[in-house]
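What follows is a structure written as structure tokens; I'll ask about it next.
Labels A, B, C and D are assigned to the chains in the order they are written; within every chain, residues are numbered from 1.
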Amino acid sequence: MIIQLDPQTPSSVKDNIELKAMTLGFKMTEVKTEQGNLYMVGIGKKEFDIRILGQMEGVRDIHRVSDAYKLVSRKWRVHPTIIDLEDGVKIGDGNLQLMAGPCSIESEEQIIQTLEHLKANGVNVMRGGVYKPRSSPYAFRGLGMDGLKMWHTLAASYGIKIITEVMQVSQIEPMLPYIDIFQVGARNMQNFNLLDELGKVDKPVMIKRGMSGSIDELLQCAEYVFSAGNEKLLLCERGIRTYEKAYRNTFDLNSIPILKEKTHLPVIADPSHGIGLRAYVEPMALAAVMAGADGIIYETHQIPEKAFSDGQQTLDFKESKALIQKLNATANLKASF
Amino acid sequence: MIIQLDPQTPSSVKDNIELKAMTLGFKMTEVKTEQGNLYMVGIGKKEFDIRILGQMEGVRDIHRVSDAYKLVSRKWRVHPTIIDLEDGVKIGDGNLQLMAGPCSIESEEQIIQTLEHLKANGVNVMRGGVYKPRSSPYAFRGLGMDGLKMWHTLAASYGIKIITEVMQVSQIEPMLPYIDIFQVGARNMQNFNLLDELGKVDKPVMIKRGMSGSIDELLQCAEYVFSAGNEKLLLCERGIRTYEKAYRNTFDLNSIPILKEKTHLPVIADPSHGIGLRAYVEPMALAAVMAGADGIIYETHQIPEKAFSDGQQTLDFKESKALIQKLNATANLKASF
Amino acid sequence: MIIQLDPQTPSSVKDNIELKAMTLGFKMTEVKTEQGNLYMVGIGKKEFDIRILGQMEGVRDIHRVSDAYKLVSRKWRVHPTIIDLEDGVKIGDGNLQLMAGPCSIESEEQIIQTLEHLKANGVNVMRGGVYKPRSSPYAFRGLGMDGLKMWHTLAASYGIKIITEVMQVSQIEPMLPYIDIFQVGARNMQNFNLLDELGKVDKPVMIKRGMSGSIDELLQCAEYVFSAGNEKLLLCERGIRTYEKAYRNTFDLNSIPILKEKTHLPVIADPSHGIGLRAYVEPMALAAVMAGADGIIYETHQIPEKAFSDGQQTLDFKESKALIQKLNATANLKASF
Amino acid sequence: MIIQLDPQTPSSVKDNIELKAMTLGFKMTEVKTEQGNLYMVGIGKKEFDIRILGQMEGVRDIHRVSDAYKLVSRKWRVHPTIIDLEDGVKIGDGNLQLMAGPCSIESEEQIIQTLEHLKANGVNVMRGGVYKPRSSPYAFRGLGMDGLKMWHTLAASYGIKIITEVMQVSQIEPMLPYIDIFQVGARNMQNFNLLDELGKVDKPVMIKRGMSGSIDELLQCAEYVFSAGNEKLLLCERGIRTYEKAYRNTFDLNSIPILKEKTHLPVIADPSHGIGLRAYVEPMALAAVMAGADGIIYETHQIPEKAFSDGQQTLDFKESKALIQKLNATANLKASF
């Protein structure tokens, strides 16, 4: 059950509602979001007449939600959530949004070349890692805050937004002024403390599905952030782990139409990590659009062979340009259906 | 190594070639196909000067093939194989071919209604099961040969081709006059005896990927049929088994571009079994086209709720008609890239 | 629902029972087994008073079975099934039964050496393949019937029983006089026609779990054989396919205690295929005993490095001897609990 | 490559070694551990004469290690690492160590009852969660530091050690005085920042294998902690995610003998989470001992049905007592082999 309240509801009125809900068998959690909304989420299993609570003082709206996740469910919020990155850049408004860039931020020259490429091809969001989760402790772990600040200055001059991965709680505050979307990586999907803290900022958060994350678990992870106070959420399919060895991951396009039905949040597809082989990024990206993705995030680099990481799944700028044109044509056709 | 020979090559000449190949460290298998070609496939690991064999009497052509599978490899036959079902119906010629129909053949009325629907919408191949592999021995197992004969007569009157599953060796000969494509089901992908016997007929065979079949294993299964003498082969992606429970199978679109690069055989996608939920068949079918499928096979029934089997993943005719239009539009866009 | 009838029940009496069951909403299947029992299996979902049928003429016993599988369920037959191979060799009687031998039967010398080894160490059943399912059509496929006949003669002279794989229906009859247990391989778990035909012989059948076979599917496959008329069944865990690449298969010992609770059939464990690496066969075999296996089947060869197939997972005779001693000690401890 | 140095090696000497290694093509990382050792780990691929470095000043020992992980590899440290919890409690010394207790720490009464049970049965380590990672943000998340302090006081009075999960960096310091082993949960296996920080304490850390963690990834995660400075490490198998639905996880006993060969660290098995069903915890625990586990960690509760979490996989004290006796007998037999 989700109750929407007037944001200025006094404590005494909230207490009344909570008390009444408890007598009906529900444990209530108050959610005050960074975006200025006030909700009460009720967990319980009893059947009851929803009007008992609906008619109480302060209650603006009330919904039953049978899913295990509540605030991210489309059973409650039917209309899709639109993420507004300002300056006219929106995700989830029916247009396909592209996010492209290198795996790792490497140098000023690399950033500028990428920004030029994106600008020339109408891409509004640049991806790149400054904190890199690596299997081996001895591998390159990213340029950190220095890299991010440099990137931020350059990207701003091009009017291009930034999405980058945050790996731990202590990075959130320093990164906040320099990013447009926080990315939670696949390995951190269920890093619940990180999710909790990302619930306390007013910046969009994109959660990547874990390597063996179920669709329901991914939605519960989004619920963590939302219930901690941040409504600006995106989900990302990036491939799951199966027995097949012919590619890097099993890019699971099935999750896209299913997520679009279960949640009001935008769904992004990452074919680069998804299939993990450069030659197949294009067909999988196009397929993701037809499957219903709101956006595509992919890796591109001026010279993939020299990339610090993930070169084998990274497009060069020529391939990237061709992909963008085909993605736009595919999105147009899809929109016409 | 694959050697193509003149089909009338006398034994003595073949013996010479085999002997020479043996001295080079290769074990040779002679493959005489129903389609009139004569090959020798060599298995071995030694490096050698290919011209030693290439210049011998009777040798038309010779290729090194480093894959574990040989005759189905695109390293040997670069151009795509086109399956000609006659009357202008071809698969793999660059156009998208659709195959639709019920899970099970149930009755004359059902067949006629389906044929009318397909005819009206330009679909040239009808699918349907007369021998049904079922998890439980107590479930409906299909109408058998009587059903197939009735279906054949009706389909022929509409000029529509038939694809249906063959489950065992003893069914091949009786079914042969009544079908256009033999389907090998996912559970039988590695039923090697069945594959061997299907190598002895001159009718197309479509092999479905097993529930945990790897891409390389699927290609080896096709190699079984080809090396037993039948070049008319199609492969079919129909979903694999993973941990995710939100859908029936993990429809693995990644296999499509990878198969298209590894083999010259046409690749068909089955979104009905793939995702297994009616509401999501359409987006996954469209995605499969963008991923590069040569054809789509899906389930449709006049009243899916009353279907003997698989109703939950079967489209009604209205949904089917809408899908066909979108598939054709998507295929046209793809062809324009 | 399962009804046990007097084997000589006349048709008219059976018809009465079937008719009455139909009016209660059940579809009945008559099962007359090679072992001389007569059952009727009812599939239906209605609640009803079981005594209505229980009191009818000819009915010896009646049980409700809520599982999808019926005749193999322990909800019906509580006591474990004991497979009697004659000459005092039994499986499932509480003692651990070992089955060992090479992957492939290769030569008379190999057979004799193996038989000597088994005899010296008290092993009563020899495994070995004469028909080999191979991923590649160009690999060694076994010595066939000639090999089996030679093996049978030799094994009989040592008083040792034979278990070997049957791959297709046409092999059943020729093999029948020469084997003690038919093995259905993992790839053929759901080869339903093969299962049906194995239901018509009075020899034990061991079904191996498929590479992605679920525990419930394995039980349904056993139900196929039983409902076709053969009660002499064993199940075998041999590893499943997962994402992990550090070993050949994920030997799933979890299936053993679960199968032991769900079915009355004996459960055999195959650590050789299970983990697929020689160094780890011993610990996994011992673990399987503690998990509750009724028998262990493993691969041993006089010179594993020279085996025609599976050498990397095959023990030499010294390792085999050490394993047997430890297996017996472990089985003794387990029996004492 | 791993170089062991005298802990007091002056910087100038270390610089010389690093320089020389660089000229040989190696990137060196200095590792000074909380346990007082000094290592340099070299990452590189060049072949070279190891004596060039081995003969340099300050070098105590040098080893080539071909694995991707280095310090945790048994190719370097052949003898097993023994974790000393003081007061005679050791893990990895050849004896089986048991760790038991509830999923969640709930109350003083619960703690005391559990401690009494453990004391009476000779178990020296108690498990329990005070910070609980939960799929849903609305579920019970543990008693936190207050619960831990109470537990610590009580456990100390019984002379029983504590293992409990740490979920985030900020918890490490407060928890440090009250715990004997930090547990890193399956969801945090690749929480690299947490691993880095746990490298800076002188307390044992047990890392659980992630739900889709590969064996090599688990070892790399241990390498993170070791290379950050903490040599006191244990690994834990707790089940992986596969397609099978008959149990909670696929408890992967295969990992145990493989880990024992690849690493010198002790390996613990968790059958409670592994199979996740109470009735099967015992056979799987016994199997884990035979597979080679150095310890067993399992869940027990005075009244499992009333446990705050995981009741369905938790033994009551009677079952726990029976298990302990059988585990000890099994360990004794294993030790005799």
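Keep in mind that, in the parts below, a residue touches a chain if its C-beta (ideal position, glycine included) is under 8 Å from a C-beta of that chain, and two chains touch if they have at least 3 such contacts.
Being a predicted model, the structure only gives us computed values, none of them experimental.
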Chains in contact with chain B and also with chain C, listed by label, are A, D
If chain centres are mean C-alpha positions, then the most distant from chain C is chain A
Chain A to chain B, mean C-alpha position gap in Å, rounds to 39
Dist(centroid_CA(chain B), centroid_CA(chain D)) in Å evaluates to 49
Multi-chain touching residues of chain A, meaning two or more other chains, are 212, 241-243, 245
Residue positions on chain D within touch of chain A in the complex are 27, 29, 41, 43, 68-69, 133-138, 167-170, 187-188, 190-194, 196, 210-212, 217, 220, 223-224, 227-228, 241
Touching chain A in the complex, chain B uses residues 212, 214-216, 240, 242-247, 250-258, 261, 274-275, 279-280, 283-284, 286-292, 326, 329-330, 333-334, 336-337
Interface with chain A, chain C side, in the complex: residues 212, 241-243, 245
